[in-house]
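Have a look at this one.
Note that the chains are named A, B, C, D, E and F in the order they appear, and that numbering of residues resets to 1 at the start of each chain.
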Amino acid sequence: MSQTIELIPGNTLITATPEEGRQLAVKMSRLIIKATQPDAAVRERLRGVYAEDPTMLIAIGHTVAAEFATIAAANNYWR
Amino acid sequence: MSQTIELIPGNTLITATPEEGRQLAVKMSRLIIKATQPDAAVRERLRGVYAEDPTMLIAIGHTVAAEFATIAAANNYWR
Amino acid sequence: MSQTIELIPGNTLITATPEEGRQLAVKMSRLIIKATQPDAAVRERLRGVYAEDPTMLIAIGHTVAAEFATIAAANNYWR
Amino acid sequence: MSQTIELIPGNTLITATPEEGRQLAVKMSRLIIKATQPDAAVRERLRGVYAEDPTMLIAIGHTVAAEFATIAAANNYWR
Amino acid sequence: MSQTIELIPGNTLITATPEEGRQLAVKMSRLIIKATQPDAAVRERLRGVYAEDPTMLIAIGHTVAAEFATIAAANNYWR
Amino acid sequence: MSQTIELIPGNTLITATPEEGRQLAVKMSRLIIKATQPDAAVRERLRGVYAEDPTMLIAIGHTVAAEFATIAAANNYWR
């Protein structure tokens, strides 16, 4: 993995709103894939695969849910 | 992902009841899929696939469970 | 998803006993599948598939475990 | 699912030791499979399948881990 | 499952260090597989399969992560 | 598993920043794979497989999310 890729934008889990926290969850899950497959052309090709595959789309959703759980706890659920 | 798609309706995890929290979990998991596959026609076609596939239906259930865990904690379990 | 399907029977996560909490976990996981595939005939056909497939049975177990974790926390583990 | 199957032996998550808690996690995960596939002959046949399949064995381990997490929390980790 | 297999070495989740906690997570996940497939010769054969299969290796990692989450919480994260 | 492989670099879950915590999550998930498949040549070959497979990349992301959840909690979310 390229150590030069930033894994957490802004280097914080704290966000102003749940919506921003959700966006961060999406970004964090994508950055792991980017770090594992740094070639943008390959990632673009794979995007065409998973965007049409329901099993993969569901798995992406599950992964984002896991990231979001951590972010939501960090923000005390924006209560 | 299109940044114009709202990922959390109402921008809050707080709901009046467990039932509404469960509905939010379903919506949030669907919005991630929508953000990943913005083409409504493709999503409609994929729906016909996963709605008949038990493995995918179970995986959807698992994903909703993960989202709901976060929402339930946010609402202090509606105790 | 049909909005007329009740997703959480009784609209509460609180149960009198762990056994009832476990039953609720099973019901909640099934209701997500019901909401995603409202056709009872299709669900009945799929039941014949997953009840004979060890991978699917294990995945069902994992999903119920996730739902139960939330219910158990809601009930302070019935301590 | 047959409502006559007991899903949590003893109707409690509290155990005297971590070892007993772990055994309970195994039992609880098996009882969900039993409730979903009540036919003992079918379960015995499927056992011959998953006991030789590494993917399924790993998935069983993941499911038990999820059940155990809840049981361990219920017992305040036997600290 | 053979009831004679010890599922948690030492019958405690408490360890002196994170490293030992991680080793315990690995052992606990393996003991579930051992309990499910008590035949050492079969397990040895399956090891040759999963050690060369990236999907299975990733799934093992996910399972260990789940076990470790519980152990880490039990030890108050060794703070 | 080779007992000589260090599973948690630095033998602590505490990190100075979320970014470092995320890097630790990636390392910890990789070290489990390394411990399970100690042959570097095999791991290098498998890397060529999973780096081009969207399902595996998503599964890696899910695993890292699980490790990170524990690390984030250990660090009180760097609040």
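For this structure, a couple of remarks:
Convention: a contact is a pair of C-beta atoms (placed from the backbone, for glycine too) under 8 Å apart; a residue touches a chain by one contact, two chains touch by 3 or more.
Given the structure is predicted, the values throughout are model-derived calculations rather than measurements.
The set of chains in contact with chain B as well as chain F comprises A.
The fewest steps needed to get from chain A to chain F, moving only between touching chains, is 1.
Following the contact convention of this document, no chain is adjacent to both chain C and chain F.
One rotation lays the C-alpha atoms of chain A on chain B, and its angle is 60 degrees to the nearest 5. Of all chains, the one whose mean C-alpha position sits at the greatest distance from that of chain C is F.
Judged by shared residue numbers over all numbers used at their interface, chain E and chain F contact each other through mostly different positions, with under half in common. Computed centre separation for the pair chain D/chain F is 27 angstrom, with centres defined by C-alpha atoms. Each chain gets a centre from the mean of its Cα atoms; for chain B and chain C, those two points are 16 Å apart. In chain A, the residues that touch at least two other chains are 50, 55, 59-60, 62, 66, 69, 73.
Interchain contacts close the chains into one ring where each touches exactly two others, per the touch definition above.
The ring of chains, read from chain E with the first step to chain F, runs E, F, A, B, C, D. On the chain E side of its complex with chain F, the touching residues are 17-19, 22-23, 26, 50-52, 54-55, 57-62, 64-66, 68-69, 72-73, 77-79. Across the complex, chain E meets chain D through its residues 1, 3, 6-8, 11-14, 28-29, 32-33, 35-37, 42, 46, 49-50, 53, 55-56, 59-60, 62-63, 66-67, 69-70, 73-74.
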